[in-house]
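Following are the structures in question.
Shared chain: chain A. Partners: chain B in the first complex, chain C in the second.
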Partner chain A sequence: MSALIDIRDISVGFAGRDGRTREVLRNIDLAVTPGECVGLVGESGSGKSTLALAAMGYLKRGLRLLNGSAAFNGIDMFAQSRQELERIRGGQLALIPQNSGQSLTPTLRVGAQLGEALRLHSALPADRHAAKVVELLGHVRLPDPESIVQRFPHELSGGQQQRVAIAMALAGEPEALLLDEPTTGLDVTTQAHILELLRDITTERGMAMVYVSHDLGAIARVCTRVVVMYAGEVVLEGSTRHVLKSPAHPYAQGLLASIPKLDDTTLPIALDGRPPAPGDAGAGCAFADRCALVRDRCRSTRPQLVPSESGGTARCFFAREAGRQQGRTIGAAPVRFSSGETMLDLDGLSISYARPRLLDQLLGRGTDVPPTVDDISISIGKGETLGLVGESGSGKSTILKTIAGLLPPAGGAVTAGNQALPHAVEQRAPGQLRQIQLIFQNPDDSLNPRHTVADILEQPLKLYFGLAGDKLRSRSAEILDRVRLGAHYLDRLPSQLSGGEKQRVAIARAFAAGPEIVLCDEVTSALDVSVQAAVLDLLNDLKKTQGTTYIFVSHDLAVVRALADRVAVLYQGRLCEIGQTDQVFEGESHPYTKVLLGAVLEPDPDAAPTLAADDIVERAPPASGCPFQRRCPRRLGEICDTDTPPWQSPEAGHFIRCHISLEDLNAA
Partner chain B sequence: MLMRRLFLGAITVWIVSVIIFAGVEVLPGDACTAFLEREAQGKLLENCREAQGLNRSAAERYFDWASGAVRGDFGVSANGQKSISELVGNRLRNSLLLAFCALAIGVPLAIFLGVVTGLRRDKPVDLVFSTTAVFAMTIPEFVSATVLILVFSVWLGWLPGIVLTSAGAQVSEFFPEIVLPVIVLGMVMTAHILRMVRSSVIEVMAGEYVQMAILKGVPYWHIVFRHALPNALLPAINVVALTIAWLLGGVVVIEVVFNYPGLGRMMIDAISDRDLPVVQAIALIVATVYVGVNLTADLMTMLLNPRLRTHALRDS
Partner chain C sequence: MTEIAATSTENTRLQRALGVLRDVMARPSGAIGLTLVTFHVILAIISPWIVPYDYRAMDSLSMLNGPSGAHWLGTDHLGRDVLTRVLLGGREALLVTGIATPVAVIWGGLLGIFFGLVGGRLDEVLMRVVDAFLSLPWILKMLVLIVTFGTGIEVLIPTLAFFYGIPVIRIARAATHDVVARDFVSAARARGHGRITVIRRELLPNVLDTLMVEGAMRWSWMLLAFSSLSFLGFGVSPPTPDWGLMIADARGFMSFAPWGVLGPVIALSSLIIGINLTADALAKALGIDRAQKAPV
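What follows is the complex of A and B.
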């Protein structure tokens, strides 16, 4: 079958500050036939999104086509007039963007935006558009499409926005779909549902797909063929099975080893170093600096794509050797350490975001909205790591904020090291502030862009330890060394660091205070998998040397499995289950824990997720009964709506809050 | 939400009124000493104070003044013994006329040029208008006013260079005298709004939803009008509001240069005459206009921005 998308020898670049042209894509060929789904994988900056957009004849501002062509259906997309491009884009060739929340126009209703796509790209008479919009929304399994039509994008949840974007792409009945990280940033359950939807739609219509993602789990689920990109070139290409099961390139191996897996209790192995900046790759192999198999030849000559032993093609001189290097090397074992002495105690914590209205305030009335977070009692031992998991909106981050004193609770108490903490951060003594440190998800937001690394690290040192002068600087360098960054980083600004380095600085800042408790809020979610592995390793290391207590919030269950001693599962701000990591992941579990675990995507073409509950997002917790009552696949009946479920304990230290008896939970 | 904003606006005006009253109160002397000047002593002063009700407590007088102001009655001026409402009313109308003319020309022009320069960023048309705008913003108004008078009335003789019409005249009598002041004010405000709109258009056009619209195959002008502009023009509303407030109370220099009988000049005259009741009245009117205009702008933004609109609905 002839290729629908046919990209040949394409090179794209931009003019650097020194006037030199820096290449973002280097001589790439990519052909996709109808019915085929090709995955583009690589770290951020590898050029995978640029390549996908180039297939539409589109380059981001500042980028230029240097060489090659991108044909769709035999038409060269870079040689078309604007009118011709407008006809094809969104029609025969459609894009599903990464961030639908940002990609839908905020001032237009969902119906208007879909209607526009129909008007531009379908032959349907105008009076049938309204009905077709509803049909499309129903097709992507949005509940109540008639009301969604009337809504604005911000009134939808992330998963719903993504579905609207998919519906919009389908409006023109495309022959090919480009997907740019379509599930990144969504909850595991939502992601699994969206991927199943995409699988169904593409098989049903025989479309060609290009799926851009850094998530090998998602790739494994939807793609037939995988192209691994590194520093703007293709380093490995082959069937999904070949690439994921027997990768014939050291980079792909490293990438796979850096992914934490649900059934693996060791830490993932970090892929050290970072890819060369565009235009900085030397004469040799771009991966040479990070490669374990590197030889002299790799540094002098650029390898070509050659067929590898295990099928597919690889850009490596030692592809055969690399392919034979099977078997996963074992990652470092996570430190399991708990002294039994309680470090942090949460007692009946309840947190509410609802603020009484002006009128109610004047009349001295409270609100009748159930609190966002309720009835949280957990005590965490010294040196223990507690993983806090749940979908977005489950109150994970809210709990961290309250512990840090940023959000006063409506009820309950926080005790750290036998000392009750005042609710508000302003009322806490310097020692209490030093004791608890917070690391945020996105270091771009949490590090002041105008402060150098030295400024950032010196603040806690000055504040809590009164250091000054040379002592201050040498101590900063020491701390930086502990997060494996050299002293030469001290005078850099955050913008001069890579994502992983920034997060290390954020971690260093937290540890500069010499804290006993560190609260980690999705600290690896914004990072590439290879960098994530390094950060996890670092946190594990710091725990070993400092005996720090962590609360580790993450939506990624595999990451939690790798790092946490104990796991607490939250739904709608209520605890569903808590226990030792192995007990939660392997023993009897709460129906919600099962739903979460079932939705995790493994980088394995043979693994399929089990989708037990809908991926709807609830707005408010129910007033009575079990918080999970509306979505529970194993709902018993009325008792779930009326009675708060009891705590049951299958083993010492393992608690499940459910009406279903332990025997029955075990049976399923 | 709406009630809350109105309530807060009213509170603001009330606080301002207290500050104005207190400010005038702590000044040495009062309306009578100012009016009587050298004769302000003994019996004469006593009588005057008695007549003006100045012997009563400050709270009482504040209440009188404030309740009158609410009804639109600011009492009588200190020197002319004329009704302030009438005096100020004419001036307010004149200021409104000036502001309205400047806005009617300036706002559409500014938005048009802002959009054009934003879309044609770094192209010749953008460079020309953006640079011109910087000049228009930086040259002091009295300089540009003087230059315009020199060119259009002295050299060319096309337009009158000064307003000779009295404050109470019919609206139609202000033409064509009003043309030059309108041009000077229009230039400055057009420049401000233009730059605001330009940067907002640039930001929105670089946004992800515009990129998405391009990749959806939406025709260019369609993207501009349907996807980009409704979002890009929202921030302009607040700038326009500030401009309106500025036009009503802050254009003293222009009024003096052109001898235009507006509020600003009346304020200056009243201050130099120590006509405290008039000063109080104008200060309160200008403050109310500021609050009112900004409130309107916030409400408009809220109405036009679906995000704020639905939040507002959910809150109330």
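What follows is the complex of A and C.
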């Protein structure tokens, strides 16, 4: 079958500050036939999105086409007039962007937006548009499409918005779809549902798809062929099975090894270093600096893409050797402490965001809204790592904020090392403040862009230890060294650091206080997988040397599995299950834990997620009964709505809060 | 970790300011704008020493003469040299707005940051007062004050500084809201830093960028307002030369002596365009996208 998307020898670049042209894409060929889904993977900055957009004849501002062509259906996209491009884009060739919440018009109802897409890109007569809109929304499996039509984008959840974006892309009956990280930022359960939908759509319609993602788990689920990109080049290409099961390139191997896996109890292996900046790759192989198999030849000669023996093509002189290396190395074992001492105790914590309305305030009435987080009692041992998991909106971060004193609870108590902590941060003693440190999700947001690394590290040192002058500087350098950054980083601004380096600085700032308890709020979710592995490794090392107690919040169960001693599962701000990591992941579990575990994607073409519950998003917890009552696939009946489920304990230290008896939980 | 090649490791405040200046000058809008502004400021300072005539010297024999060797831009209806008066006509405007702009940005900025920090109901109520104030036409409010207190620099500076500080409140408040919601502020609070430290170290550096661009914008608006007041006869009093006043005086003769209007109009608009271009380049150099913000 002839290729629908046919990119030949394309090179794209921009003019650097020194006037030199810096290439973002280097001589890439890509052909996609109908019915095929090609995955583009690589770290951020590898050029995968640029390549996908080039297929539409679109380049981001400042980029120029240096060489080659991009054809769609035999039409050269870079030679088309504006009108011609407008006709093709969105019609025959549709794009589904990463954050569709931002790409939908906030002031237009969903129905009107879809209607507009139909008007522009469909041959359907106008009087049949309304019916078609409902049909499209049903097609992307949105419940109750008739009511969705009337809603505004902000009234939908992230997953629903993404479905609307997909429906919009399908409106013009496209022959090809370009997907740019379509599930990044969505909950695991939502992501699994969207991927199933995309899989079914391609098979049903025989469309060609280009799927850009850094997530090999998602790629494994939808793609038939994978192209691995590095520094603007294709380094490995082959069927999904070949690339994921026997990658014939050291980079692809490194990427795979850096992904935490659900059945793996060791830490993922970090891929050290970072890719060269555009235009900085030398004469040899771009990956040479980070490669374990590097020889002299790699530094002087650039390898070509050649067929490898395991199928597919690889850009490596030692592809055969690389293939044999697979699966040899084992990651570091997570540090485990077992001391009986309690470090942090949460007792009946309840947190409410709802502010009483003016009328209620005047009448002295409380709100009848159930609190966002309720009845959280966990006690965490010294040196223990507690994983806190749940979907977005489950109250994970809220609990951390309350422990840190940023959000006073409505009820309950926080005790740290036998001392009851005052609720508000302003009332806490300096010692109590130093004891607990918080690391945020996104270092772009948690580091002041106007402060140098030295400024950032000096703040806790001055505040808690009163250091000054040379002592302050040398101590900062020492701390920086502990997160494996050199002293020359001290005078840099956050904007001069990479994402992983920024997060290291944020970690260094937290550890500068010499804390006993470190609260980690999704600390790796804004990072590339390769960088994530390095950060997890660092946290593990710091625990080894400092004996720190961690509370580790994450939506990624595989990450939690790798690091945590104990896991607490939250739904709608209420605990569902708590226990040792192995007990939660392998033993009997709460129906909600089962749903979460089932939705985890593995970078394995044979692993299919099980989709037990709907991916609807609830905005508020139910007033009574089990928090999971509305989505539970194993609902018993009325008892779930009315009675708070009892704690049941299948083993010492393992607790499940469910009405279903332990025997029945075990049976399923 | 690999080294970042050739990044400056010096990040002092001066270095940053110089870097921003370089960035402004590297942009066409910044280069043109800053050149225009600098040219006007220098001219305003040295003009008393370089003008060819006395600005008051009337010549009844050469009234409304066209451009000639003796009078490059011709003469006005009293026979005064237009070039002399154009060269001197920006001094008053630049002096008044040059003082009133920083005053406006400082008081408006401080109040805006305060509102932004306080938040809640007090902030809502006070902002509605600000909105109500902004909804009145500016010229009306200003004329009321000037009619009450009289004209002259000592009234004009506080009047302009007062009225032009009010929109700054809005901007400063919005910028504060943006910064306060960011995690580095939460991080500083969680560490236990005092309120003042958090404002001074975390908040101010980030809000100042926005205020600087806003100040440049306010300056150009204020110049326009000052010239409008002069045009209406409430600004500078004759015979002191001023562009607004000159345009008012010469507009009656525009059909047969257009040079009288053209000179001050070009001078005034080149200065305002220069300030706007500079503000534009500054916003881009500082990474603040003004195009997305409301023009209030």
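As a working rule, the second predicted complex is superposed on the first by the 667 of 668 C-alpha atoms of A that agree within 3 Å, B and C clash if a C-alpha of one lies under 4 Å from a C-alpha of the other, contacts with A are read in each partner's own complex, and residues count from 1 in each chain.
The working rule: contacts are C-beta pairs under 8 Å (C-beta built on N, C-alpha and C of every residue); 3 or more make two chains touch, one makes a residue touch a chain.
Predicted model, so just to flag it, every value in this text is computed and none were measured.
Once the two complexes are overlaid through chain A, chain B and chain C clash, as defined at the top of the document.
In the superposed model, A:G405 lies in contact with chain C only, and not with chain B. Of the two partner chains, chain B is the only one touched by A:R61; chain C is not.
Of the two partner chains, chain C is the only one touched by A:H488; chain B is not. In the overlay built on the shared chain, the residue A:F78 is in contact with neither chain B nor chain C. When the shared chain is aligned, no partner comes close enough to touch A:F465: not chain B, not chain C.
By the touch criterion defined above, A:T452 lies against chain C but remains apart from chain B after alignment on the C-alpha atoms of chain A. Applying the stated contact rule after C-alpha superposition, one finds that A:F14 touches neither chain B nor chain C.
By the touch criterion stated above, A:Y353 is placed in contact with neither chain B nor chain C.
In the superposition on chain A, A:T105 makes contact with chain B only, while chain C stays out of contact range.
The clashing stretch of chain C relative to chain B, chosen from 41-49, 59-67, 185-193 or 221-229, is 221-229 in the chain A superposition.
The part of chain C that touches chain A in the complex is made up of residues 1-2, 4-5, 7, 9-11, 182-184, 186-193, 201-202, 205-206. Of all the residues in chain B, the ones that touch chain A in their complex are 3-4, 206-209, 211-220, 222, 226-227, 230-231, 304-307, 310, 315-316. Residues 53, 56, 58, 60-61, 82, 85-91, 94-95, 97, 99, 102-109, 116-117, 120-121, 152, 154-155, 168, 172, 357-358 of chain A are the ones that touch chain B when the two sit in their complex. Here chain A touches chain C in the complex through residues 273-274, 277, 280, 289, 401, 404-406, 425-426, 428, 430, 433, 437-438, 440-442, 445-452, 459-460, 463, 484-486, 488, 491-493, 496, 501, 509, 513, going by the rule given at the top.
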